[in-house]
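Shared between the two complexes below is chain A, which has chain B as its partner in the first and chain C in the second.
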Partner chain A sequence: MLKIYQRLWQVNWAEYWQYRANMLMYLLYWLISPIVYLAVWTSIANAKGSVNGLTANDFIAYYMTLLVVDQLTSNIIIHIFAYKVQDGSLSSELIRPAHPMLTNTFMNNLASKALNLLVFIPVWGVLWLLYQPDFSAVTALNLLIAALAMLLGFLVSFLLSAAITSLAFWTTRVYSVHEFYFAISLLFSGQFVPLQLMPQFIQTAAQFLPFQLFLYFPIQIILGKLSTAQIAQGFLSGVIWLAVAWLLFRWVWREGVKRYSAVGA
Partner chain B sequence: MHIFKLLKTFLQVNIQMSLAYRADTVVNMLLNLMWLGWELLSLSIIFANTNTLGGWGPGELITLLGVFRMVNTLMSAFIWPNTEKFNASVRDGSFDYNLLMPVDSMFLVTFSRITVWRAWEMLLAIGLLVSGISISRDLISLPGFLGFLLLVISGMLIIYSLWIVLIALTFWFTKFDNNVTILQALMDAGRYPISVYPVWLRIIVTFIIPIGVATTIPVQALRGELAGPQVLLFAGVGVIGFWLASRVWRAGVKRYSGASS
Partner chain C sequence: MSDDVIQVESLSKTYKVSEREAGFGAAMRSFFRRKFKDVEAVKRVSFNIQPGEIVGFLGPNGAGKTTTLKMLSGLLNPTEGRAHVLGFTPWELKPAYLRSMTLVMGQRNRLSWDIPAADSFLLNQAIYRIPDDEYKTTLKELDDLLELGPLLKKPVRNLSLGERMKCEIAAGLLHRPKVLFLDEPTIGLDITGQARIREFLREYNHRTGATILLTSHYMADVTALCERIIIIHHGQLKYDGGLANLSRRIAPFKLIGVLLAEPAAYSLAHYGTPVENEEDADKHYIQVPAGDVAGITARMLAELPIHDITIADPPIETVIERAFNE
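Moving on, here comes the complex of A and B:
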C-alpha cells in the first residue's frame, strides 16, 4: 500500500512540476482576497484604534497566519476529480485495486500543495517583511497543537469535498453545488473576518459547523488566543466531524459508483 | 449599422445555445444572487464595526459594488468565454476562418460568444448603483454624476483594451494560454476602495492590472474627489488605451501564420 502512495506521489509531482510557472499565477488567487481583507480591517482598526478589541497588529497576525493555514488545509478535489466522472476517464482508475479518491486524488492534492508551498514560502517571506506581523504570542507548543488541528482540518475538509465532488455521479451541476458549499465555508471558516467580529448567531452556528476547523480554529491556536478548554472542545468537535465526514463520504461514494455509467468512454 | 446587426445575430445565436441549458441558467442566477447576499452581508459586518471605510460610507461602497459587478459582467459575459474560444482557435488554426470574414477580426473575436444569463448580473449591478447613489445622494453633484458615468465607460474600455493586448500576446507566444488568469486573480481587489490598500497593491491595481481604475476611480468622481481635468485625463487614458490595443492586435494578426500551414 505504501508503495502505491509512493508511486502516485512521483507521478503527480512530475505532472505538476511541468506546470510550475502556472503555479505562480494560481498563487495570486490564494493571496489576493486575504490581503484585501487584511487591508480593509487594518484600515478600520487604524482609524478607530481598535475594532472590538482587535488592533491593526492583531489583524495582520491573523491574516498572515491565515495565508499559511489555508495553504495547508484546503484541497482542490472539485477541480481534479469531477471532470473525470463526466468524461469517463475515471473508468481506468476504478478498475485498479486502489481507491481513486483516497490514493490518486489524495496524492495529487499533496503534490500540488508541495509545489504551491515552494512558491508560497518566499512570497510569504516578502509579505512578512512588508507587514512585520507581531508573532510574539506564538510558542512551539502552540505550533505543535496547531499542526494536529491542521491535520484534522485538512482531513475533514478533504472528506467533505470528496463527498460533495462525488455528487458528480448524479449530476453535472456538481460545480454549482460546490460553489454553494464554498460560499458557506468562506463565511463560517473565518476567511472574511475573524469570527469574533461576526454577528452572534453566526458565531454560535460556526461552533457547531466543521468550517472553522479549516481556518479559524488552527489560527487561534497558533496565535495563543484559546484556553485549554476551548482547544479541547475544538478537537472534540473536529473528531466528531471527521467521523461524520468519513461515513458521509463512504456512503456517497458507494452509491455513486453504482450509478456510474462511464459516459463518453 | 453593420456592427449592430452582427451583434444582434451573435446575441440570438447565444440565446439559442443557452436555451438548451435552461435549468443551469436558473441555477446560475440563483448562485449569483447568493453571492450578492454574501457581499451585502460582508458590507453589513464591516459597517457594524465602523462608520466609514477609507472615508467612504455604506452608500458609496454599495455603489462601488455595483460598478465592480458591471466590470465583472464584462469579464464573465465576454472576456472568459471568448478567450477560451480564441486560445483554442490559435492553437488548432481555426482562427484562419476569422480572418477570412469581411468583418474586423478584433470585433469578431471579442463578441462572438456571450454568456447570456449574465444580463441578470447586470440588472443586479444597476440595482446596486441606483440604491447606492440614492443612499449617499447628499454627497453627489450633477457634474460628479456625469464624471462617474464617463469614467465607468472608460474604465470598461481600459479593461477591454488590456484584455485585447493580453490575448494578442498569444500570437507571439502560442503557449501563453493562461493569458487572462492574472485579470481573474486580481478581480477581488475591485470590491473595496483602493485607497485602503498598501502602496504596492495600489500600484498593481492602478498601473499594471487597472481593476482599481475601473472601479474605485469612477466612485471617486461621483463623490467629487476628482477635479474636471483629472476626469478627462482618465477618460483620455481609456481612448488612448483602446487605440494602442487595436494597434497591438493588428500587429499580432500580421504575425499569425496559421497552425496547420
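Moving on, here comes the complex of A and C:
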C-alpha cells in the first residue's frame, strides 16, 4: 500500500513539474486574497489604533500565519477531479484496484502542495521582511500541537471537498455547489476576518462547523491564543468532523459511482 | 453453474439522456425544466463465454458493444440483469476482480500523457501488487512480443498512435489478467501495426489461456482471432456462434466476378445483382443465390465474351451487414 502512495507521488510530482509555470500562476492567484485581507486590516488597525482590541501587529501575525496554514490545509480536488467524471477520463482509474480519490487524488494534492511550497516560501519571506510580524508568542510546543491540528484540518477539508466534488456524478453544476461551499468556508474559517471580530452568534456557529479547523483553530494555536481547554475542545470537534466527513464521503462516493456513465469511448 | 468465465443474463442498460433543441431559448427553458429521454443501449443480452475463448463482439456504431464491455468491466451499473465474470459481479468493483481483468480501450488512455510509459508501468506494478521478479518477467515477455524497447523511456505524448497503443496494451496486461476486454484495440493502426497486435493477442491467449472479448471495426481482426462471434444491433443480441456458420446461415449466396472483353456492351443485371468489389476493381461482380451458381456460370460462359471468371464467398462485412438488417 505504501508503495502505491510512493509511486503515485513520483508520477504526480513529475506531472506537476511539467506544468510548474502554470502552477506558479495559480499559486499567485491563490495568495492574492489573503494578502489583500492582510493589507486592508493592517491599514484599518493602523488608522484606528486597533479594531476591537486587535492591533495592526495582531492582524499581521494572524494573516502571515494564515498564509502558511492555508497552504497546508487546503485542497484542489474540485479542480483536478470533477472534470474527470464529466469527460469520462475517470474510467481508467475507476477500474484500477486503488481508490481514485483516496490514492491518486490524495497524492496529487500532496504533490501540488510540495511544488507550491517551493514558490510560497520565498514569497512569504519577502512579506515577512515587509511586515516584520511579531511571532514572540510562538513556541515549539504550540507548533507541534498546531501541526496535528493542521493534519486534522487537512483531512477534514479533503474529505468534505471529496464528498462535494463527488456530486459531479449527479450534476454538471457541481462547480457552483463547490463555489457556495467555498464562500461559506471563507466566512467561517477566519479567512475574511479573524473570527473573534465576528458577531457572537457567528463565533458560536463557527465552533460547531468544520471550517475553523482549516484556518482559525490552527492559527490561534500557533499564536498561543487558546487555553488548554479550548484546544481540547477544538480537537474533539475535529475528530467528530473527521468521522462525519468520512461517512459522508463514503456514502456519496458509493452512490455516485453507481451513476457514473463512463461517457466517451 | 457451469465453468464459464463470463456469464451474462438479460443484461440491460438504459441511459437517461437530457435533450434540448439548439438555440438560446431552448437553453433557457432546459435550465428550468430538463427533458429526459430514455435510450435503451443494451436490451436483455445474454451469453456465456468459456475459459480461453477469443470472442469477437460485433455490431455497427451505437449497437451497444462498448456499453456492454463497460458493464462487464464494472464501469457501468446495468439497469437490469445480471453478469458474473470470474465469479464476481463486475460493478461491485471488488479489488480482487479488478486485479484479474483488464479493459483496454483504443480511444482512451490509462497511461499518463506527460511522463514516460515506464513510470506508469511502475505505478501499475504497485497498484496491482505485482512482485518484482514477476513484473520483470512479464515486462520482458511483453517487450519481446510487442517490441516496446525505447518507447518506454519517451514521454507518452511523443509517441505515435501505434506506439502508444502498444504501450497501452502492455500497461493493461502487466498484471496478467485472466479476462481481457478489448474495445477497438487496433483502431487507427496501419496494417502492420494491426497484424502485430493480432499476433500478440493470439500468442498471449495461447500462453496464458486468458479469455478475450474484443470489439473491432476491422474484420481482419475478427477473422484472424475469433472462432466465435457475437453480434448485437440496436442493443439486442442478433447472433452468437461460429464465424463460418454465420456466413452459411445468413449468406446463402456467392459472388461471381468476370473479366469481359467489351464490358460496356453487356449488362450483367439479368444474371444476378451487380455489386461493387473494391479489392478487385477490374472485374465486374454479381451476387447470386448459392444454389444457382453452376447454372448461371454456365449461361454466362456461353453467352458472354469472358476472359476470366472467379467464384467467391462474399466478404464478411457484407455478411454482417445483412445480419444487421434482418
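The rule is short, and it goes like this: the second predicted complex is superposed on the first by the 264 of 265 C-alpha atoms of A that agree within 3 Å, B and C clash if a C-alpha of one lies under 4 Å from a C-alpha of the other, contacts with A are read in each partner's own complex, and residues count from 1 in each chain.
The definition used in the following text is that a contact is a pair of C-beta atoms (placed from the backbone, for glycine too) under 8 Å apart; a residue touches a chain by one contact, two chains touch by 3 or more.
None of these values were measured; they are calculated from a predicted model.
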- Query: A:L130 contacts which: chain B (first), chain C (second), both, neither?
  - Reply: first
- Task: Using the touch definition from the top, say if A:M198 reaches chain B (first), chain C (second), both or neither.
- Result: first
- Item | chain B versus chain C as contact partner of A:V257, first or second or both or neither | second
- Regarding the shared-chain residue A:N22, is it in contact with chain B (first), chain C (second), both, or neither? first
- Look at A:I32 in the shared chain and tell me whether it touches chain B only, chain C only, both, or neither; answer first, second, both or neither. first
- Task: Return first, second, both or neither, reflecting whether A:L8 touches chain B, chain C, both chains, or no partner chain.
- Result: second
- Using the superposition on chain A described above, determine whether A:F180 touches chain B (first), chain C (second), both, or neither. first
- Please indicate which partner A:I44 is in contact with in the superposed arrangement: first for chain B, second for chain C, both, or neither. first
- Item | Residues of chain A defined as touching chain B within the complex | 22, 25-26, 28-29, 32-33, 35-36, 39-40, 43-44, 47-48, 51-52, 130, 173, 176, 179-180, 183, 186-187, 192-193, 197-199
- Note on the structure: In the complex, the residues of chain A that touch chain C are 3-4, 6-8, 10-11, 14-15, 18-19, 88-89, 91-92, 94-98, 103, 257-262, 264-265
- Query: Can you name the residues of chain B that touch chain A in the complex?
  - Reply: 23-24, 27-28, 31, 34-35, 38, 41-42, 45-46, 48-50, 52-54, 178, 181-182, 184-186, 188-189, 191-192, 196-198, 200-201
- For chain C, which residues count as touching chain A in their complex? 15, 66, 70, 73-77, 91, 93, 95-96, 98-99, 103, 105-110, 112, 114-115, 119-120, 122-128, 183-184
